[in-house]
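Below you'll find the structure, written out as structure tokens, and then a few comments.
We just call them A, B, C, D, E and F in the order they show up, numbering each chain from 1.
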């Protein structure tokens, strides 16, 4: 998908499929095509990937027709610009709780290259852009997708306003941080957690904005089907490191049990 | 495992477990411990990993108590030295067919730092090392493991002599190349292929040398159990890129089928 | 040029010549000497160059007697410090609109290593440095050049005060952002744009501060001569990627027209 | 040492030994074990080390049983998170002057992954964490060490409150910046400087917090013994680049004097 | 172009257009599309580009529909394999003089993954592949292009046989090395040089093999038109570093002459 | 020193001073000037430094007026070319034992870019170069320095002929390998070892070729003075990693003894 296709699908409520890519290996490109996915999620908040490397990854996945969606380390408009300059089509901003944060990111992602006072005046509605500039900006930002992470009670409390900020394309639940923020750390089947997820998905979708949750923990497919039924259309399925860790752990356990009669320890989740 | 422990286990016929690591991400280190493996296989023949990066990977995995085993691009003793200088504990040399090749690699891996004429005289048995030097070399090379790839009919034909070269610790079947060389490309259940595998495993083990096959294609666990029954004790189970590609392909297929009623294409194998 | 020479030339109104370098190839160093330039402009705002790489580039160009001038991603004094620690002689801060921003950058670039409250007191004039410290700071920052990007109407409106901040060495017009901010995107011969450029150049030069505009679009030489006539003395001529793209596009068009009778499409500009 | 051991030693007043590592060479790992140190200090404020490289360094040193302590470029909680995600056990934040800064860093280092409003409420004492969450956070942050740089008079003035912020494990004097801030640049034996150092060490240790000073200039061992007598228990001894520069300079001087009768120039210090 | 399209065009005598890319910047990808070229030439013989970087470049350019053609450092079949594993579609082998060298490269590029004795028997015609294997190899190598550098009198002397080796797709003249080898260094309009070029182009084309010359020196377009008239259909036009160096040199000369009345020195060529 | 100055000094018997640099940190450049050295030795045989990094290091040190001398992994003329293309001024080839090896390296280092048959004919004296070419080659290779490692008895036995190969500029003893080869591993004060060193130094100097030994073990200055008295004029003093390891080990021992009454273990040498 191009950025534009991803943006339009998210808004229209069509399901889009993706996975997280942690590995910077160019060899990953050779297997990506057969995965039948629309986007990849590259997390520069928690994963130590540098700009030059990130840029090659973004261009590489784009060249395969897969939209690179990049989480930036902080909800900082300058970081959003740097990621898009590197080739990101979508930006995920972590731990968003206020309309102001979304507005600033909207400025970076959707009204490039306007900054400073003119952007401030535009965002608060006091001064529209000149028609020439408006057309220019619309054309030049049509492939940019803005996604915010919903990971806290405060975010839930403000959700109605957050999803109404123009230019927002989707919300993405960070389950690990959300579960902690709700006081039920890593208890992904806790009623408090599940109720929050449902509310987020519903609120976003009702507002014409895409919605999803990054399920990287066990039984991810089962959970993803459940959440899709509740409205998730941004299907972000686990990730290379998670599935590798889970599956090879199980494989080796099976092997060593069959061959040596040993059963290994439980695998721990990789929290992202 | 240290290099020494890996070497001794291979020789003694004890099973050792490992997987291939293609990703140069430092995050992999955080999941490696829970995999319950003894070594990782890093393939610099087919995978574009540079020396500096390789060196950090080798030291990183060693620091976790997991022996880094590195396949070099060509059966070249200088490349074996470079890999060991980078931190490799084990060396896998590709496509070995002659005793001369094994001898040269033995020189690099087991009699470091002797080279040139003195090494030549030693290897052909014409001139032993001085006692001081012999002790020094034994001590300084005790953590170095020498493994050769068996991937051809010519190799099979010479196998009896190959496995008798002192210092050889194990043979590792490269199934993709071997199947091609035998004229049955990627037909891993072809009788010609299976018979060859059996013979290689048996011959090596009989000579007191470890043996294994890198099973990266589908149903790897099943095959590995079968080959272990035939003598494989160097259990090299698939790899990060293979298992990720296979499993995420299946996950996404399950998801899109459940959600959108679509069934995707078949996944292709990643040949290493 | 050293940083000091560049700073003094800018202030004294002498013309200095440079070009933008996007490529991190060390081979560029071998052609840089014959270009007869005084500085290179390395843009880490829009170009994905990492710190380690940037540092080698800065030291490499310095070693050739060419001052590395680095644009930082955001007008952040910490980023200015990081670039100078990496070897930058000049700092370009993007999209500056207020005196406060210039003061903070001045603190980073010209009064290193003072930070925090003491810097605050110094910058607002409430507390001068001790004589020992003053001498130390003057000596240790003599090779540091501070340049700000003028890219907006708000910046124009504040220009008289901006150029009076002590320690500012030059203003550099970012034509792409400025044209957008003025509502005439990429219309570099629009009267509104041209009038703004003239006013910026004149205001800066009158205040004893260097002035320039980064002309990376077509007919750059013609424009640069025109702007030099209006006062530009910081001559930042296009860049490697721009001239390569423009010229090879034209070359291939000429070739394919001569050989195959085809005429290709128009080249698009690379906006920086 | 693990992060936990380092944290507990600092708090208990036991001496811990470390050195600064500037070089990103993996070969350094091979010599680190014989140095008999507890931690390494990696300075990403002044040294151009990228995230991917930093992460391999942190994991590499951790694998050797040596705690990686990373100075971040700015006192920014997001940067602290990035460094810990990369594998840092300890965080050093530069130029801290206020309780608010320490609180924010405490949030990043000691109450991960809580952020936003919930963290704000927790830090100002208005709302404790749920018991489940409290246990979770304590367990997951037990290896994280928080150290702040004391480098200014303002910091000294606020020291009593700074050291009382819960979660702070140690203070580290940056002698270069402190001497400049005190108006006696690089005069490390000036009474003003020495008095300040004494006060910082004493205040921190009295509050049950570790204390140290990074002595990278000449006669470092002598000074470190002196400062240890005054209470320093975080012994950060010089660094690779400093000792290399000092010693090889002296070696070459000795050599060229003995061989050619020449005496070279004085070595300058590397200020960090 | 895919590798297959490039191979077929070269063989059929259709003109293909390309340029050399020295810069590893991902930003280059954004301008490559407008150049209207079919392939890029990446020279790892003379340019210090590492494997990981090369692999991203190859995949990046392939993703844009432009075939990456890589010159390997030495005429070594292992290096050809490494470049193709990294994503190269075409291989250029330097300084080829004998049929044996071409045969070995043919083995690496066109009969992957067969090596060792079986390859030897196949190449010397003593033993054809099994039908299954033949089909497999043809399919798996259809995108691989083999090009040899003709750069010496010895090569000219053997040209008739060289171009008859099955699997060879094109010859590429290295003008710098050829001019030196012919005793007329850098005299690209010397009759001896021109006569040699003509003969090479004609001989290759007559044999149904593509032919070209890498013109990186001045007046490249003029020369390329001339050589195309003599049969060159592999049009390798200069390179990023060459055109950048030539054009920016001229631009700065024009500028400084217009502004300061100075005329700079002559630009030297970048020999590749 | 330029390459030419280094070459001429070595030949003329003037002493030149250098040290080994293992660290790829750009910060090293800032301390290198004060060391008063003429060259740096960068060992790509044993140290995992990649081409791109090596190239920046070579250009960086050259920019400081210090000649980069690079040891290649194997005595392979292609590797010598790659190092010189990366910016090396001097080439050290490891473990040289025969005239043929020196001749091939001479071809790569001193008669660039001639290769293949023409080079073969030139080296064996059967066919001189054309006068134009001879001048061209002399001019273009005047900054290239050829040094061979003498590390074995076989090398000693052939030394008279080795040092007579035209174009050889110096011999460099690798003490670790030589001591092993002589059967007295790491016994650098063993009479057998010392006698060999003396003979090598004398033989080389008599032939008008520079001579040296890389003393990286303890008491290096003392030994270097002794060897200089015996004729060493290529003074390669230890290295960053060696001196750092030795000195910080001693510093920490002193510290912990003074503070905690503990005495640490002995430091082991870093063998290069």
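Heads up, the rule we're going with is that a residue touches a chain if its C-beta (ideal position, glycine included) is under 8 Å from a C-beta of that chain, and two chains touch if they have at least 3 such contacts.
Everything numeric in this text was worked out from a predicted model, so none of it was measured.
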For chain C and chain D, chains touching each: A, F
Count of contact steps on the shortest path from chain A to chain F: 2
Of all chains present, which has the mean Cα position farthest from that of chain D? E
Shared interface numbering between chain B and chain A [over half = same, under half = different]: same
Mind checking the centre-to-centre distance between chain B and chain F? Centres are C-alpha means, answer in whole Å. 35
How many angstrom between the C-alpha centroids of chain D and chain B? 42
I'd like to verify one number: the distance from the centre of chain A to the centre of chain E, where each centre is the average of its C-alpha atoms, in whole angstrom. 42
Which positions in chain B touch two or more other chains at once? 24, 26-27, 47-48, 50, 52, 55, 86
Go ahead and list every pair of chains that touch. A-B, A-C, A-D, A-E, B-D, B-E, B-F, C-D, C-E, C-F, D-F, E-F
Spell out the part of chain E that touches chain F in their complex, as residue ranges. 24, 45-50, 53, 73-74, 76, 95, 97, 151-155, 176-177, 180-181, 183-186
Of chain E, residues touching chain B in the complex: 50-52, 54-55, 78, 81-82, 85-86, 113-118, 129-130, 132-133, 136-137
Listed in rising order, the residues of chain F that touch chain D in the complex are 15, 17, 19, 22-28, 30-31, 34-37, 47-48, 220-221, 224-225, 228, 235, 237-238, 240-241, 243-245, 247-249, 251-256, 258-260, 264-265, 267-268, 270
Contact footprint of chain E on chain A as seen in their complex: 26-27, 29, 52, 55-60, 62-64, 86-87
